[in-house]
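Next, two complexes with subunit A in common: one pairs it with subunit B, the other with subunit C.
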Partner chain A sequence: MFGYVRPLRPELRIRDYDAYHAAYCGLCRALAKRYGFRSRFLVNYDMTFLYLVRASVRPAAPTRRCFCPARPGRKKPCLCDDDGFARVAACTVVLCYCKILDNIRDSGFWKGLACRLLKHVYRRPWRKAEQDAPEFAALVRTKLRALSELEAAKSPGMDAAADTFAAIVAACADDLPDEAIRRPAQALLYQVGRHVYLCDALDDLAEDLRTDGYNPLRYRFAPTQTGLSDEDLAYLSQIMDSGVNLAGAALSLLPVRQYGSLLENIVYLGLPAVFAAVKTGRFRAGAKEFPRKENPS
Partner chain B sequence: MNDPYEVLGVSRNASDSEIKKAYHDLVKKYHPDNYADNPLADLASEKMKQINEAYDSITRARASGASSSGGYQYGRSGASGGSYSYGYGYQGASGGGQYQTVRELLNSNRLDAAEATLNGMPNRDAEWYFLRGEIAYRRGWLDEARQNYQAACSMQPGNMQYRSALQNVSGAYTPYRQTNYQQSSDLNDACNICNALLCLNCLCGGGGCGR
Partner chain C sequence: MQGRKIATLLISLLAAFLLWLYVITSIAPEATARISDIPVTVDGSIVLEERGLIITDQRTENIWLEVSASRVNLTKLNSSSIRISADASKIREPGTYELSYSVIYPDTVNSNDVDLLRQSTSRVTVTVSRLDTKTVPAVISWQGSVPEGYTAETGSATLNPEEVTLTGPTEEISKITEARVVFDLSAMNETVIQTIPFTFYDEDGNIILISDNTTVSAESATLTLQILRSRQVSLQVELVEGNGVTADNAVVTFSTETITVKGNAEVVDAMDDVLIVGSPIELSKIRDQQTFRCNLNLPAGVTSDTGETTVEVTVAIVGISKASIPVTDIRVINQMEGYETSVTSKSVNVTVRGATSEINQLRNSKNNGIYILVDLEGNTQTGSFTVVGTVVNDAHPDVGVVDEAQVSVSVTPSAETPPETSEG
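So, the complex of A and B:
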């Protein structure tokens, strides 16, 4: 469930675009530095957003031109903020490893084979990340266990299912010392996590109906084979809009010193646009404004 | 205490009208309506207080003819020069003593305790569903909040508090947003203007207004 939190590119200012790329590349570099080269492949948009939220209340970090293995020919601007990326990188490795474990449990023998291989590849980074953020790794385990219990019970509570994932995302800000920063950051991340979970659920609904897999929307709305009815979709959209409002209210209370307009773009424009694209199936097809693959210029 | 000009986000030599505009924008952004039933309401009201204080100190400093460079005062002003002040909390809270307890627990953000008290109550009337919705809303559980508000509203359709809470989670209410990004919707606006003109024409044109 990665890739649902991203800026709306046509509305992005050039300087925000540059800042976003520098943060993305900075996270990639920090992952390699802390958890080995293989962890570079775990970098994603959602964790870049997490970094932006955490870094927004701090003074700007320096940007340097660094070597990029994806583009060996030229160096790319890259944010060098070792302290700022420490927690984000640990959270990234923990979340990705748990995602791999989750995939192994959910998929059959042949598809699971690839995931079992990945599990071995990322075992060592996971061990180190678990040491770096022990309370976060423990929380992720408890919450994922709670989620699998809800799945087994075929719970119709869409909120309770989303809560497990949203609480994990919110916990990425647990270590912030200042309460006036931590509380809005957690509230913002909670709503963003909810948004990601529900977008993912809607995106996977057709497949889950076909394969008889668990999906919270399936038990909440009782959809037909073709998906949710227009009425249910309208209801869900309104719920998502209220969630974006809550995320925006939390963002306003964050005492930002940088990245203000970039975060506003992601929350106010990016989140609704991604949901709208998921709703019409354009997201899965790789709509132009949401390319599936990162395409750095 | 911060520099009042920094709080309002204006430069020291900004004109009075610029300051007033910045102040009004911030008041709209942190207005209690945007944080109704939000667990972050205390932070928003704190922010609002800072904004009011900053505006008061700037207007007072400018009215007394003091130079605007560092002439501001620290601390809370007594008589506020036309600044906004809003109260949080419930107005006209009705119901039994137990509902009062639940509301107090809600206001101090002790959601689990509030839920436990509520679950221990035998009668399930509109107020009960409304308070359940409030708990869910504060947790960010918007689906559950909406279902409970809906139940409360259908039991007591006349209650304005229930109705506005339901509207809030139905996406009918859009909070004021001061962002640098506005989706380009010129076409829509142009259509609206055309519609408005057409309407005006229909209403006034026939009667020959202006004659």
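So, the complex of A and C:
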């Protein structure tokens, strides 16, 4: 969806790198299997992280070499964990469809044309995903409505705006039956969701200023065309660091059985690295360490 | 023989001394001496200031004199005892002037006894400038950055004084555009109150050194800078269980799950990760769902990111069963004297809630132990009317009563009460 939640590659162990790719490909496969080929295009780093969090407390799932439409000539290692991917795939479709609807609402007729087309393309997967995770779909609608109200009020409340998205991401773990797992998982996902929202807000700030779009940072601070002042950036960095610390605390409470070092890499290194890249504009520019799409060798 | 020689020698010495004394004191022969480095004093600066002028340069600062005087007087003359005074009080316009000066000898020397033979110069050169006053703003120049995790509120930093008034030669103070204090933020992790000297700058950012001719209203300023810490805290509310509802039955949602707080670094660091908001919420008073606006209860010196002081908390009661139970035991207390009260309602349905097993047990029991207490204290109404009774449930502490009970009663005069008779 956004791609802000990813490991920091130079610090990644090779086995974690392989595991991450297998999970990424596994999600892609699961999306295709449950919601049709078109849903493969919805695979993203953020939801791969969601899978890793959920799967980290379970025994390892088998990995097989599967067909990859992006590289038809070569099969790729792929996690085959249909049960584990079920909820993640449903959440992916619901979130992406709601994002399409949100884009249609925020864009003009011509700009929103592509989104209108996508809306038709993904209508059927959305209906199926809504049936698979009805409470989650309802919550997403409620929270997006709350976000629209904040947008309409041009709220400067970073906490309130980030909370709407963070609560959606946290709700991806609502179905976990064991409270000892569910609560830290929700807390971790909440912080990650908050981080994603604020990263996205900072990344989009210049564009929102140009197009007069809603951005909580725009109303919370007083940015110029060049962005936030050093002082405001320092303040925002503190808030982001605080979030990473809380995410780390939640992660340490998860009874992790696998992917521990991979999750630690994402939380402790990946999140701060992405934010640092967003701050300097390197992320948007597509810095080498942050490719837009995964391209495993 | 030897003794005579010594006596003659002593007498000769004494005679020579007396003769020398006589010559020195009575005849006083003159001698010549050069006295160097005599400082020149230019008088009249107060008068000049009144005219808006100031001496900015005095090219002749020291003078030497060659004088002839008696040896006694010469011993009293030196660069400290002689004063050379030039009078500038007659100057009325800025410019360069050559002033004559007068030599003032010490009081113990009569000026007529001293002859001035030569001097290094007969004129003292001074430059007089226009005296001006200018007020420039005091500004802060930040250097470095605060350690990670802290924010310097440079936007709200204050300087006292906020401006500096300079009084001095026009050509000197006209260049000055600001009085700057330079502050290094490195290693600053707590609020700063510090006195820092001013440095004066021109508009191109060059340092202007001020001379002794310029006076300033303040040479330093007190800087007050808040170094803040911010972090995220989760919100929580205290729940008071009761009336059949436990904390497990309460689903609490906040308008935002976490808030960003900022403030004094020490206080913020000492805060817990969880912030208890508002006052305890009594679950017994919530029927199904209720929304509260709770104070954030932030410590002094700490605020929320947007300055909000409250948060919306919604408490929903879930996971408990409700049932309507008929209550036939209705008791009346504090009846009106001389009147009889009868309860018209034979049975009142009361809504109770609690765990399903408890509710089922209550339903199945013949005598549920619940009764309604009707208190007529202060009642003056007679006839048939409805009163609100309190449902008393001592027998089932894990079951709560949701509502009060409406009970119909009839209050009539008792048989013993004599009928009222109309007078007249």
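Everything below uses one rule, namely that the second predicted complex is superposed on the first by the 296 of 297 C-alpha atoms of A that agree within 3 Å, B and C clash if a C-alpha of one lies under 4 Å from a C-alpha of the other, contacts with A are read in each partner's own complex, and residues count from 1 in each chain.
Please note the rule applied: a contact is a pair of C-beta atoms (placed from the backbone, for glycine too) under 8 Å apart; a residue touches a chain by one contact, two chains touch by 3 or more.
Because the structure is a prediction, the values reported are computed rather than measured.
Engineer: Consider subunit A as the common anchor and indicate whether subunit B and subunit C clash or fit when overlaid.
Structural biologist: Once both complexes are aligned on subunit A, subunit B and subunit C clash.
Engineer: Comparing subunit C with subunit B, which touches more residues belonging to subunit A?
Structural biologist: Looking at subunit B versus subunit C, the one contacting more residues of subunit A is B.
Engineer: Figure out whether A:Glu207 sits in contact with subunit B (first) or subunit C (second), or with both, or with neither.
Structural biologist: A:Glu207 sits against neither subunit B nor subunit C.
Engineer: Classify the contacts of A:Arg194 with the two partner chains as first (subunit B alone), second (subunit C alone), both, or neither.
Structural biologist: both
Engineer: For A:Gly248, is the partner it touches subunit B (first), subunit C (second), both, or none of the two (neither)?
Structural biologist: first
Engineer: Looking at A:Asp178, would you say it contacts subunit B, subunit C, both, or neither? Reply first, second, both or neither.
Structural biologist: So A:Asp178 meets neither subunit B nor subunit C here.
Engineer: Check whether A:Glu135 is in contact with subunit B, with subunit C, with both or with neither, and answer first, second, both or neither.
Structural biologist: neither
Engineer: Pick one for A:Glu149: touches subunit B only (first), subunit C only (second), both, or neither.
Structural biologist: In the superposed model, A:Glu149 contacts neither subunit B nor subunit C.
Engineer: Could you tell me if A:Glu231 is touching subunit B, subunit C, both of them or neither one (first, second, both, neither)?
Structural biologist: second
Engineer: Which partner does A:Asp82 reach: the first (subunit B), the second (subunit C), both, or neither?
Structural biologist: neither
Engineer: After the superposition on A, what does A:Asp18 contact: first (subunit B), second (subunit C), both or neither?
Structural biologist: Neither subunit B nor subunit C is touched by A:Asp18.
Engineer: Where does subunit C run into subunit B after the fit on chain A, at 20-28, 110-118, 128-136 or 254-262?
Structural biologist: The one stretch of subunit C in steric conflict with subunit B is 254-262.
Engineer: Show which residues of subunit A both subunit B and subunit C reach, each in its own complex.
Structural biologist: On subunit A, the residues that contact subunit B in one structure and subunit C in the other are 157-160, 163, 166, 187, 190, 194, 220, 237-239, 241-243, 245-246, 249.
Engineer: Given the complex with subunit C, which residues does subunit A contribute to the contact?
Structural biologist: Residues of subunit A touching subunit C: 156-160, 163, 166-167, 170, 187, 190, 194, 220, 230-231, 234-235, 237-239, 241-243, 245-246, 249.
Engineer: Can you check the complex and tell me which residues of subunit B touch subunit A?
Structural biologist: Listed in rising order, the residues are 29-30, 34-35, 38-40, 43-44, 47, 136, 139-144, 146, 168-171, 173-175, 177, 179-181, 183.
Engineer: Touching subunit B in the complex: which residues of subunit A?
Structural biologist: 11, 13, 157-160, 163, 166, 180, 183-184, 187, 190-191, 194, 220, 237-239, 241-243, 245-246, 248-250, 252-253, 261, 264-265, 268-269
Engineer: In their shared complex, at which residues does subunit C touch subunit A?
Structural biologist: Subunit C residues touching subunit A: 145-146, 148-155, 229-232, 234, 255-260, 262, 273, 304-306, 308.
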